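Next come two complexes built around chain A: one with chain B, the other with chain C.
Then we have the complex of A and B:
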């Protein structure tokens, strides 16, 4: 058995397991936890296109989740447009806004970009909280939007009576965005991005227009992030600016990526697999005893991983897999 | 008009507090090239230290100014030495190591939530002898604790600027901020300078904590309010610039208080962000920034 075959088998097993998981997990509560886990893995993978491959640190991505959720919900509520179409419109708006943020900031040092994304995201959140109606659009200020529960929802309504369709939608979205990331990381664009992220001056000297490739990555990442916003709105049927567009979500996305492994394909998924359940369970079981303890643990993990594994958890895991794979393939050949 | 001028005076005094917080942030960034996300938390530590010191010993609030900043210097010195330095070493000579930013975020989470576990979420104030005192300046009323805060902020900025120019350590700090490798070759121990810079930044947060406590609430996440302001201020004034931090603080304080005379105060926050973004588009190096830093 060659290494390539082994990789394929492993991938197939993981994919099959993911598709078959709802056969085992039937409780809606646990299914919801899984859906949110994939939701975070998806968001982090989208973030990774900028934060990982382009080598900058955006800390305001929740604003694009918000743009996606608000766009599709307002279009559905006020104009009767299907959320599926609203989702794409929201993605397009988010991409344009992402480019607007990126244009002045990508030419600057990393710290400026980082602070600018925070200021932009917080600025938009504060504005949304202050606006009740914007022209014909009802935004509802800090109260957020309620997507009404339909009696007999069809697929076109992006609303389902059971959790199962949501599970498969986010799973397919996740697989698509992972495949897309894989494709980009092997393409010329991916190499240019990596070069521009590590050594912008050297890359520019080689004739790579670093800022343009970063803008492209930013637009893509914002577009994909906004799609998840629509998904969240349709899953929860309620959202408000502070919860959806606040800094907490932006930071959590970045943390998952950094702990999992920035700039790797598996990193965001591994990070979400580890941090999401940890987050849920410590919050449920520890916050009653001592409020804040779960976030102390979260912070400590972050510090320890950054000190001992600055490249994230993916690096040692893939080294382990390499060793195992070598053993298996060598044994296979010996037979 | 009177109301507007009164608001401007109050805004300038509050702005000096923002500026004082930003001063430590800009010092740490200037030397280490790291945005310290834990800075608001360090301010919170300073405020709680001053709070407990005054509460438990009953000393005059401004006597805390002699005790809290040195303690916080030591705290910051060792925080950088134990927690942040290893990440720097792992990253090597990257100019702006992003992992360090994330570690400071981790420190923020840990400190804020430790405070929440220890002291609970309630808002605390100490009633001190000077808390409600004020004096009249013509037809305007100036609160004494806010005014002393303003004076202390300006004195701190001047003191820091003198320290950076006149002392050997200050010169070493500036050398490291200009060129890490060259400073290293001149025999300056990079990591010791980082310890000192972080310690000084923390001590300044301690000073801010001491002057804030007579008129401001302290609670575990109080730092976040100042954090976001301080980020905007340092970009406004130019990352790494001492006068820029103070001036930026005053500008933000003035905008906040004067605009809130004309509109809901929640809108002033949006205006601050908008002005910040406009400056970033028009003059990204801020009022006093060096071109090479962006």
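Then we have the complex of A and C:
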């Protein structure tokens, strides 16, 4: 057995397990936890296009989730447009706003860039909270939007009576975004983003317009992030600015990426696998004692990971897999 | 033979400091030109002006007949002007092959083709044995070679080498001299800044000496090292040239 075959078998097993999981997990509560796990893995993978590959640390991505949710919901509520269409419109708007934010901020480095993305994101959230109607559009300020429950929803309505369709939609979205990231990381764009993120001057001398490539990555990342916003709106059927566009969500995305491994394909999934259940269970069992304790626990884990595994959990795990794979392939050849 | 680079009246002020002052310079296609001078003479500033890092305060820079001053480094790389950095800038967390492929992507969009170009360049620079190592783990001599490999992978017409010999052992210097001669044989015009005089003597067809941002001598390596102004610049005013 060659290494390539082994990789393929492993991927197939993981994918099959993910598709088959609802056969075992039938409780809607646990299904919901899995759905949110995939939702966060998806968001972090989309974030990773800028935050991982392009080597900057944007901390305001929840705004683009919000743009996705608001755009598709307003289009559905006021104009009867299917959320599937609204999702793409939201993605396009998010990409444009991402570029507008990126134009002045990508010139900055390190912490200054982080702070600017936080400022932009919070600014937009506060704006949304204080706007009741924007021209013909009902935004509803801090009260948020309620997507009415339909009696006999069809697929076109992006609304389902059971959790199962949501599970498969987010799973397919996650697989698509992972495949896309894999493809990007092996293409010219991926090489150019990594080079520009690590040594901008050297990259420029090799013919790379670093700022343009970062803007391109930002547009892609924001587009994909907004798609998940529509998904969230259709799953929860209610959202409000503070819950959806606040810094909590932005930080959690960054936490998952940093702990899982920035700039790796598997990092966001591994990070979400670890942190999402932890988040849910600390919230269920500990929130009576101390609300927000899960963020303290996140912080502690982040500190430990940064000290002992600065590249995240993916690096040691893939080294372990390499070693196992070598053993298996060598045994296979000996036979 | 035509001139691949022509610099006329080049001047650069940084605040009140004039780093380069009315400098004229040309490089013929296919030659190796060395730019030398004492520390702080303005050599690296000249490189940065030619490579588009700074815009000149005054003067004209022509590359292959085209006026290029004010253009950005990434546009110049596309035109065929590549450079290395005095303080090497590898993409340290990536493999050597990855580093060189970044350069190779300038002339192709195919990952497969970029890998071929990169492997060819690595073989030319005798770096193929390191191709799967992380660039951050290379020895200083190999890092200097990697700098050249990245630039060479962009398939340049003119290559600016900023002190690629600094910090090398004598045998490594000899290897590097061989490599740079090899580049010229491949049709690349080479413009070097160098402090190691043995390398300058062995390599260059012509030498330009600058001090305080001004040209004080120009000519063959032998003629320049006998020039009174040059000896004064390097060894101080009281030294007797005879």
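Basically, the second predicted complex is superposed on the first by the 329 of 335 C-alpha atoms of A that agree within 3 Å, B and C clash if a C-alpha of one lies under 4 Å from a C-alpha of the other, contacts with A are read in each partner's own complex, and residues count from 1 in each chain.
Please note the rule applied: a contact is a pair of C-beta atoms (placed from the backbone, for glycine too) under 8 Å apart; a residue touches a chain by one contact, two chains touch by 3 or more.
A quick note: this is a predicted structure, and the numbers were derived from the prediction, not measured.
Colleague: With the two structures overlaid on chain A, would chain B and chain C clash, or do they fit side by side?
Modeller: fit
Colleague: Mind working out whether A:126 is in touch with chain B, chain C, both or neither, as first, second, both or neither?
Modeller: first
Colleague: Check the residue A:172 against both partner chains and state whether it touches chain B (first), chain C (second), both, or neither.
Modeller: neither
Colleague: Count the residues of chain A touched by chain B and by chain C, then name the partner with the higher count.
Modeller: B
Colleague: A:134 contacts which: chain B (first), chain C (second), both, neither?
Modeller: neither
Colleague: For A:118 in the superposed arrangement: first (chain B), second (chain C), both or neither?
Modeller: first
Colleague: Now for A:188: first (chain B), second (chain C), both, or neither, which partner does it touch?
Modeller: Second partner only.
Colleague: Figure out whether A:203 sits in contact with chain B (first) or chain C (second), or with both, or with neither.
Modeller: second
Colleague: After lining up the shared chain so the two structures overlap, which partner does A:303 touch, if you call chain B first and chain C second: first, second, both or neither?
Modeller: A:303 contacts chain B only, not chain C.
Colleague: Give one of first, second, both or neither to describe whether A:108 is in contact with chain B, with chain C, with both, or with none.
Modeller: Only chain B is touched by A:108; chain C is not.
Colleague: So in the superposed three-chain picture, is A:13 touching just chain B, just chain C, both, or none of them (first/second/both/neither)?
Modeller: The answer is neither, since A:13 touches no partner chain.
Colleague: For the superposed arrangement, tell me the lowest C-alpha distance between chain B and chain C in Å.
Modeller: It is 10 Å, taken between the nearest C-alpha atoms.
Colleague: Which chain A residues come up in both lists, the one for chain B and the one for chain C?
Modeller: Residues common to the chain A contacts of chain C and of chain B do not exist here, since the sets are disjoint.
Colleague: How about chain B: which of its residues touch chain A in the complex?
Modeller: The touching residues are 29, 33-35, 83, 86-87, 90-91, 95-96, 98-99, 101-103, 105-110, 112-117, 120-121, 220, 228, 231-232, 234-235, 239, 264, 266-267, 269-270, 273-274, 276-277, 280-281, 284, 293-294.
Colleague: For a test of understanding, state which residues of chain A touch chain B in their complex under the given definition.
Modeller: 57, 104-105, 108-112, 114-116, 118-120, 122-123, 126-127, 129-130, 251, 254-255, 258, 290-293, 295-296, 298-300, 302-303, 306-307, 310
Colleague: Okay, in this complex, where on chain C does chain A touch?
Modeller: 51, 53, 72-74, 77-78, 82-83, 85, 89-94, 98, 101-103, 105-106, 109, 111, 114, 150-151, 153-154
Colleague: In their shared complex, at which residues does chain A touch chain C?
Modeller: 186-188, 191-192, 194-195, 198-199, 201-210
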